[in-house]
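First chain written, first letter: the chains are A, B, C and D, and each begins at residue 1.
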Amino acid sequence: MTTTFNVAIVFASGYGHTKAVAEAVAEGANGVEGVTATLYHLPDVDWDALDQADAIIFGSPTYMGNVSAPFAQFKDDSSKRWFSQAWKNKIAAGFTVSGSWSGDKNITMTTLQILALQHGMVWVGLDLMPGNNSSAGSPDDLNNVGATSGLFVQANVDQGNEGIRESSFATARHFGQRVALATQRWGKEG
Amino acid sequence: MTTTFNVAIVFASGYGHTKAVAEAVAEGANGVEGVTATLYHLPDVDWDALDQADAIIFGSPTYMGNVSAPFAQFKDDSSKRWFSQAWKNKIAAGFTVSGSWSGDKNITMTTLQILALQHGMVWVGLDLMPGNNSSAGSPDDLNNVGATSGLFVQANVDQGNEGIRESSFATARHFGQRVALATQRWGKEG
Amino acid sequence: MTTTFNVAIVFASGYGHTKAVAEAVAEGANGVEGVTATLYHLPDVDWDALDQADAIIFGSPTYMGNVSAPFAQFKDDSSKRWFSQAWKNKIAAGFTVSGSWSGDKNITMTTLQILALQHGMVWVGLDLMPGNNSSAGSPDDLNNVGATSGLFVQANVDQGNEGIRESSFATARHFGQRVALATQRWGKEG
Amino acid sequence: MTTTFNVAIVFASGYGHTKAVAEAVAEGANGVEGVTATLYHLPDVDWDALDQADAIIFGSPTYMGNVSAPFAQFKDDSSKRWFSQAWKNKIAAGFTVSGSWSGDKNITMTTLQILALQHGMVWVGLDLMPGNNSSAGSPDDLNNVGATSGLFVQANVDQGNEGIRESSFATARHFGQRVALATQRWGKEG
């Protein structure tokens, strides 16, 4: 019998870009046999399902340099889980989307990391070399912005999801797969 | 005729600790001749008054490693001011309160800094050497936690404002004075 | 036959405080059966041993708000390992020591995290609730500064290792044990 | 008689990209009447000149997620100035260069900010709206990466300075001008 691992993806999304990226992350995770990824679009979240999950991936747009207010509300509300250490030793990872190629996505990612680490979770980043940073580089490379600590996606501010490159979606699928594989390797508590 | 400088202090406070610190910051700023400090307890904020202010001091408790949701909502809402660059070149500063002596107050402060800098504001930190870090040190020293980038205050989680040391309030008054003096020196746009 | 896991502890230390903490981390890790911890005091480091290690714990004092220059040199030199992805999927963790109770230890820890994540490593933080933050709290509590993302230690600047509390050493031993157990759970690839 | 303001630009540069950006920053600052910018290429630095400067702009490439070792050495060495508070109330700003469009430039910039704020300096960021983040955007826009807290420049890793866009140099000149104007407005201590 195969053990099933549950990956919860909890995200805020204002205009739909982050939602589209979340779906690509889920697709990547679901592609790993024995892993089931479930999406929770804030403020709709199933706390019991999070408590049962083997991994939680946190996602938020970067607004004014950090996570959006709906994500911050979720962060604050999660303090109940911290008091009971309910998420201790789960796998964690994060993603963020902004209009700028750099902007302050690192600051958002630090917020997501610190949240996970306060919960006693174990953090998995992105494992792709940076694309698009040489004379032959192209925005169509995987990891086109050169993220390390999680998944960073650039989305044009005056477009819908057509303003997100296919390379970014492919990076998101890879990222979902990486977190799913790490969750399997980390395994159930013995 | 003396020019008057307006310092707005915009803060979130869940249990009253951050409010008490905000009041001490205001007291310090108001002690500088020609400076008037006004407190805005989120979510109650007067956006027109902020637009007219010469300086804005941002304050939030540190909850789960970052600013609280009410502060994050204010941050997001301030994007309208960013579009119009309404706060460009104002003086900015920040403070945060948490139960732990360190905890993740630095991460909250980074959030406040990045918000201010995205608005094109000019950031003033704390100018006190660290106290309480030698064999003769004491929690009753000014700057008892050794903050640099803004005002950090430790408040016991199971107490009201009696759980905040007088040295912390004195540090807060000094910080308010420092920001007020910096606002005067920076002056009105020529 | 028991599998042996190797935990490398690579640290910079200017005055000996960080070295003393590193030794306590090693003691905690060595206390886990099947785990061997080895200390590398920068600039003396055995790169081949790091390549063979199952986990690397990074340590540095906080000087002027970040890692010290010898640690930064090690960070830069590790780029060769990044090019070959030699440390990908190893377990990583970090610790820092400063005179202040807060100071900028979070910033140092962010530096250590980002380094590990660029290498594709998996980050383990501290899993202790904060001590010393209530009316009944005491600096003699475990995790007396309230760290989350790694191990933070306060050391008086005018003293040697007698200026580090036994509670801090006990926290360091716990932290070493936690990283060792996480390394075992993560296991050997494949 | 016009008061002269001195802006010191202290930078590390491994392959020449950061040096080229530093020169553009200097050009922008020198373009402001009454301002003289001077470049210090680490490890060559004139500490007395820094003590006399009205503003110090810090620059470093981003290597493995943070400032390079030569910059970290300068940071550590500056502790003597911190003890004497020699740089208190000077204007400060920062820039960094990396191969990636995002990468971890934010983390490097946080390091530069924290250094400046520990010295009691006053931090000036970039005041340009983000370019290159809409359907009509282009890497040839000013602020093509969307930085807020300082100057971020992308430079191709397999090229010399021809791998840096003219828009990035123009952004650097603007940034130098902004810091120079802020230094004038802040003025000499009364």
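Observations, loosely collected:
Basically, contacts are C-beta pairs under 8 Å (C-beta built on N, C-alpha and C of every residue); 3 or more make two chains touch, one makes a residue touch a chain.
Everything quoted here is computed from the prediction, not taken from an experiment.
Two chain pairs, B-C and B-D, are compared here, and B-C has more C-beta pairs in contact (counted per touch definition above). Work out the mean CA point of subunit B and of subunit C, and you get 32 Å between them. The mean-CA centres of subunit B and subunit D are about 26 angstrom from one another, to the nearest whole unit.
Within subunit C, residues 65, 104, 107, 110, 114, 117-118, 148-149 each touch two or more of the remaining chains. With chains as nodes and touching pairs as edges, the resulting graph is complete, every pair of chains being joined.
Contacts from subunit B toward subunit C in the complex involve residues 65, 98-107, 130, 132-137, 144-149, 152, 154, 156-159, 163.
Subunit A contributes residues 85, 88-89, 110, 113-114, 117-118, 120-127, 129, 148-150, 182, 185-187, 189-190 to its touches with subunit C in the complex. Of all residues in subunit B, only 63-69, 71-73, 75-76, 78-79, 82, 104, 107, 110-111, 114-115, 117-118 touch subunit A in the complex they form.
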